[in-house]
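In what comes next, chain A is part of two complexes: it sits with chain B in the first one and with chain C in the second one.
On to the complex of A and B.
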């Protein structure tokens, strides 16, 4: 218990990374995109999607924990063989890479739209990616440590921000409770499985945790946490902006512009911005590390840490392609949203099926009984 | 691999110069030999080694031992021994005692430390203040512990001032320092292990630790690091510190340097290792985390609420001293909307006639503050107070009146400067003062976004620092078992564990059931 192997993530650090990675979705354009689909029932989507995504995630984690301390890609290659495995891994890598580029561009757009209107996108974006690349190069353990140092303040500030928002909001806005109708909401949650797609990618980190049991525990803690976080944030935004939520690009940042601390300090957004951007740095640092890990695994590169700066540069270039924030949010992002959720779900299920058919579960049972 | 190519390239262009050095093979050969029984030969050897009579304070006294009826000489360095003792307890009995007896130990009242035959060994002893006795026909040399080096007495700690708790501090005498530690830990497991770091000056250092606590691997690692030092001389512990650090170029210290024996003892009790060195009025604590550098012994001497109060105060001071100036720049240059309108008017009013951009203003004042601070340190003490007055008066009042600096900036700088004094550790203090400038530039470049980017990069850097394999923010992250003495400390009864990152042999400081 006392011994700590070098470079291993503790459960606290892992949960912090995960919460920052997934939970920060509540602070970008996700709530408004949800609202476009299901209006005031948007807050239900995170819960329902989580319920739906629980099944593939549970099966995936169950399958992965059969193989001791193996990450997602190793398991895929083991189950699907060399060639199909490679192809599946490549698809996952491609989707996640595209996701990182688009998402990081979204964050840059937020920074530009709200805080630095005159600074060129490329400067903001370049600095953003540079910091992330630097952090990722320090290794996942250090990323975990920083996120553990920051998570408390991030959540606290988010909580305070949401609390202050309630003064401006109107609880009646969540009525009618099912929004456009039950069927529509269910369809919406099916479409938004990608909300939790990050959990799928995080299974790459299994070997970096001390045990797969810690990984499982950490994942479920973070899962519940992020459901509550995303849903609560969306409720607050729905109550605050009501019908107009769909038209607001980035509700969190609009909301923190509304709030004030008494009449003396009318604008608090900078304080929240600082903490939010720190969380965002962590999020993409972890993302970058994971995708370098994937790339290294795909092409058998052992010192994959050297890949991080070039990968960051590539993502920067891809992310710089869209001309306007609207393009990013509505066109590029919807591609990721449409593919990531279903594809990752399908892969999780197929992995489990393959393991089942190959008799890996029985095999493991025999091993245990021996 | 890239680095290797670079290194070899640099080597090609930067060849180490060849020096025409004189060989000292003869002396080395001499040092390895033993002394002979011949009186004259020994005398000649040592006279040549110590360059007598050129070397004025090396004394040789030739005489005849009456009891043995043999010729003999003693050799010592006059400035390092207690001449009175040599005269009274060694020389006089040897000359005056007439009763025939075979043993030197029976003649001399002064205790014989040991006998030795090796010339190198004898030289080492003499240079550290020992008296050596050579007798004609005797193949051994008698060595007497007569060292008496001049030095300071034990005084109050100057640089780490506290209100409660012990006031004494280490001085330059090793024996005193060990005594200060020994009197606080009365335990046979307290080991004081001597090591010699350098070949030429033979600077000796002492490792102090508790045998039944310290992790052997850690101890070995530290010893290995010490043995890796290949220098002719390491004069001071602070220089040794730089040799031992993993990243000597880093802005942040990874070894704690303290002059308080009570602090050293508290670290020994937790399983740390203390390094002491002769001629240095301080000690090194290895390994040290951010928390060790950030805490002050006062935190524990005061009652828990008071101790925590000053801890939180220090924590706030840390933030103010790092971020006050940069935050001011970011807010006034990039995010003006954040300032309440009335305050903004006040700012604008005071800045109206100032011709410089605020970053220049801040940099000027920061520089001025650092100048006053450094000048106040270096100035001879009789005119010390003047510096404070001159600094405050001229730089504050006059700069404002001349419309060079706005009063707001003076407030900001004074606040951040004042706060920086609260961080008591000298190295940490420097780290924070220097990083303040980095933050000012970051804020000037990109406002709060640049600031946040630098903070996050700084955190990434800090968590990756290690002090003898112990992460900088341990035991907070990565987490280890510990007394949870981080930002807030518990009451002493609840502090049950030694820090887990040291992997001590005995983890529990106080068992809950034993009282």
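On to the complex of A and C.
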């Protein structure tokens, strides 16, 4: 009874997971970190970064689709051989693990700063990870269904929140249009390629989708969706907070504490908070599942789902190292940002090059023509 | 096997349910004292401030149809403290419940304190206390804030949170006071290019004030008689870089609010001089703003030029000279008069603040930004300096939507 055939994800579940994972970046400290770098041109970064990251992602997906129903790690091992492949996979796993630890700590910081001020970080963090680990243990199929259930409400609540924010904002705040200068903005978008690094990790899920065609289509749909979402949210926050945006840790949460629905429903934030935190659970549930998948693949562990609770515990311990939220946002996160974007981009390009040099594309063409 | 599994799951649910109490952040309504207003004054002790707290009694007015308690609706305490955040703890020496700023509505600073250079630094503590929401209103009182809260005794609306909410909301709607939330205060001060208007209030009635136009009053000058509360919310205090530097009357405030596209002033009533012969000298009109201002700037020359076009709609609420507005000639006369009057008012205020307070009373600098490609260019232009030399032209775009009912002269 316990050993069910692992179900496959449909395109809508996959898109929901992806949008919740990547789109939730708009609701944490990303907009304000972008604003520290390029001030009022912060809204351009999600668009430009997406444009830059499109090339490696496109090539990666093209390469992966040569190998039928194989995930990222299998492809890497196939192309690079056993030893180099193992090393590359290990690097990806290490970076993503560090990323999860830092990100999950950021979410705990938000919860503690705005909603549970006196509860110790470790208790909140522990509970948060426990819920995510429990969810991930249920398998990706369940994560997919839950995120499909949630996606509508999450987007609706985000939309309403942003709409209410526009009443308090001034569109002229996005002027001067180029912010600190065109070159600075371009540099900033190069530095923030990690905004879309999750798409790279999501290629681990290829075998769990019904077909690789659905995977490709789903990825691009989610890609366009998240660009619009992050950029629109950043525009609203720039217009609302103007030059103070850089100093506000978590603009989404500051904003929902400020807005109100008339004078009779003044303090709305708890409604948005509940929906937001469910989205956050999905994000880390999917993240945990993917990293367990990676770990299982690396060390040839078949029942990798049993790895989820111990992995969650390890991430909890790493995430608990930084002492204050400022350390997390400014130091630890910048490490992830500086490594994840360039490394994943480079790996994608190298995979494509290796496939090209090895003649895999020609091989596939021959196969098709035969 | 099956049974143990079920038992385990039930146990798990129980454990999960116990976390729902909120762990360390469990809050009992019974156990909390909600501060509605904070007053800030200068203290005699060096390096300290005098904090006044206005606490609401949640029991009063919560029961419909009587049967409520006979307790007083509020409690007020004042004491010296280093800042208003740690003052919460000190207050617990007097108040039995745990002090909470969750429902804070208004912060009142005395004029004396607001004019101190360290005022912004002091008020900035609010940004760090997560209990304080950024939509708390900031107000400046003429007298000491501790006295203000004591003297403020609303006759009808005894629950303080409702009193302040209604008082401020309607004041902002009428345009007599600015929408001065902490959020806007911090934002404007951090931008550093414009003046900020804070609502002015007082609970002391001034003696022998002269009768003035409809709203040319400072707080406390509205000369009303009867049985009512002495508190008045009218006019505004002008802040530059977080320090108070002057005051505007109610009328000047409503002009500034009309110019400002970021406030929610919907419409207000005003008097304009009567251009027609007759004994009564003013027309009552309702002023509405159709859409946002159109601002054009010429920032190239040594003296920048600023052209502001205000799309305004008017509705007549009186007709003192019994003019027949079906005649085109009369329509033209009144239209011209309105345009002249409002042009004078708007330009007058902008020139006054430009000369006297060295800044614009609303975020005018936003409109200048679009003429620059990058932040560096904008900073080189230096709005603060350039604005002082600017020539400002205001053109009200008058549209009259309603002349009121057709009237005939009495006796005709």
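The rule is short, and it goes like this: the second predicted complex is superposed on the first by the 364 of 370 C-alpha atoms of A that agree within 3 Å, B and C clash if a C-alpha of one lies under 4 Å from a C-alpha of the other, contacts with A are read in each partner's own complex, and residues count from 1 in each chain.
Here is the rule we go by: a residue touches a chain if its C-beta (ideal position, glycine included) is under 8 Å from a C-beta of that chain, and two chains touch if they have at least 3 such contacts.
Note that the structure is a prediction, hence the values are computed from the model and not measured.
Asks: Scan A:166 for contacts with chain B and chain C and give back first, second, both or neither.
Replies: neither
Asks: Output check: A:211 vs chain B and chain C. Expected answer is one of first, second, both, neither. What do you get?
Replies: neither
Asks: Quick one: is A:247 in contact with chain B, with chain C, with both, or with neither? Answer first, second, both or neither.
Replies: second
Asks: With both complexes superposed on chain A, which partner does A:118 reach: first (chain B), second (chain C), both or neither?
Replies: second
Asks: Quick one: is A:127 in contact with chain B, with chain C, with both, or with neither? Answer first, second, both or neither.
Replies: It touches chain B and chain C both.
Asks: Given the touch rule stated above, what does A:334 touch, chain B (first), chain C (second), both, or neither?
Replies: After superposition on chain A, A:334 lies in contact with neither partner.
Asks: Would you sort A:177 into first (chain B), second (chain C), both or neither based on which partner it touches?
Replies: second
Asks: What part of chain A is shared between its chain B contacts and its chain C contacts?
Replies: In the superposed arrangement, which is not itself an observed complex, chain A uses residues 115-116, 119, 124, 127, 266-267 for both chain B and chain C.
Asks: Okay, in this complex, where on chain A does chain C touch?
Replies: That would be residues 39-40, 113-120, 123-124, 127, 167-168, 170, 172-173, 175-182, 241-244, 247, 254, 257-258, 260, 263, 266-267 of chain A.
Asks: Tell me, which parts of chain A touch chain B in their complex?
Replies: Listed in rising order, the residues are 1-4, 6, 8, 10, 12-13, 111, 115-116, 119, 124, 127-128, 131, 134-135, 138-139, 141-146, 148-150, 264-270, 273-274, 277-278, 281-282, 285.
Asks: Inside the complex, what are the residues of chain B that reach chain A?
Replies: 331, 334-335, 337-338, 340-341, 446-453, 455-457, 459-461, 463-464, 469, 471, 473, 476-481, 500-501, 503, 507
Asks: Looking at the complex, which residues from chain C come into contact with chain A?
Replies: Against chain A, the touching part of chain C is residues 19, 22-25, 130-131, 133-135, 165, 169, 183, 186-187, 190-191, 261-262, 264, 363, 366-367, 369-370, 372-378.
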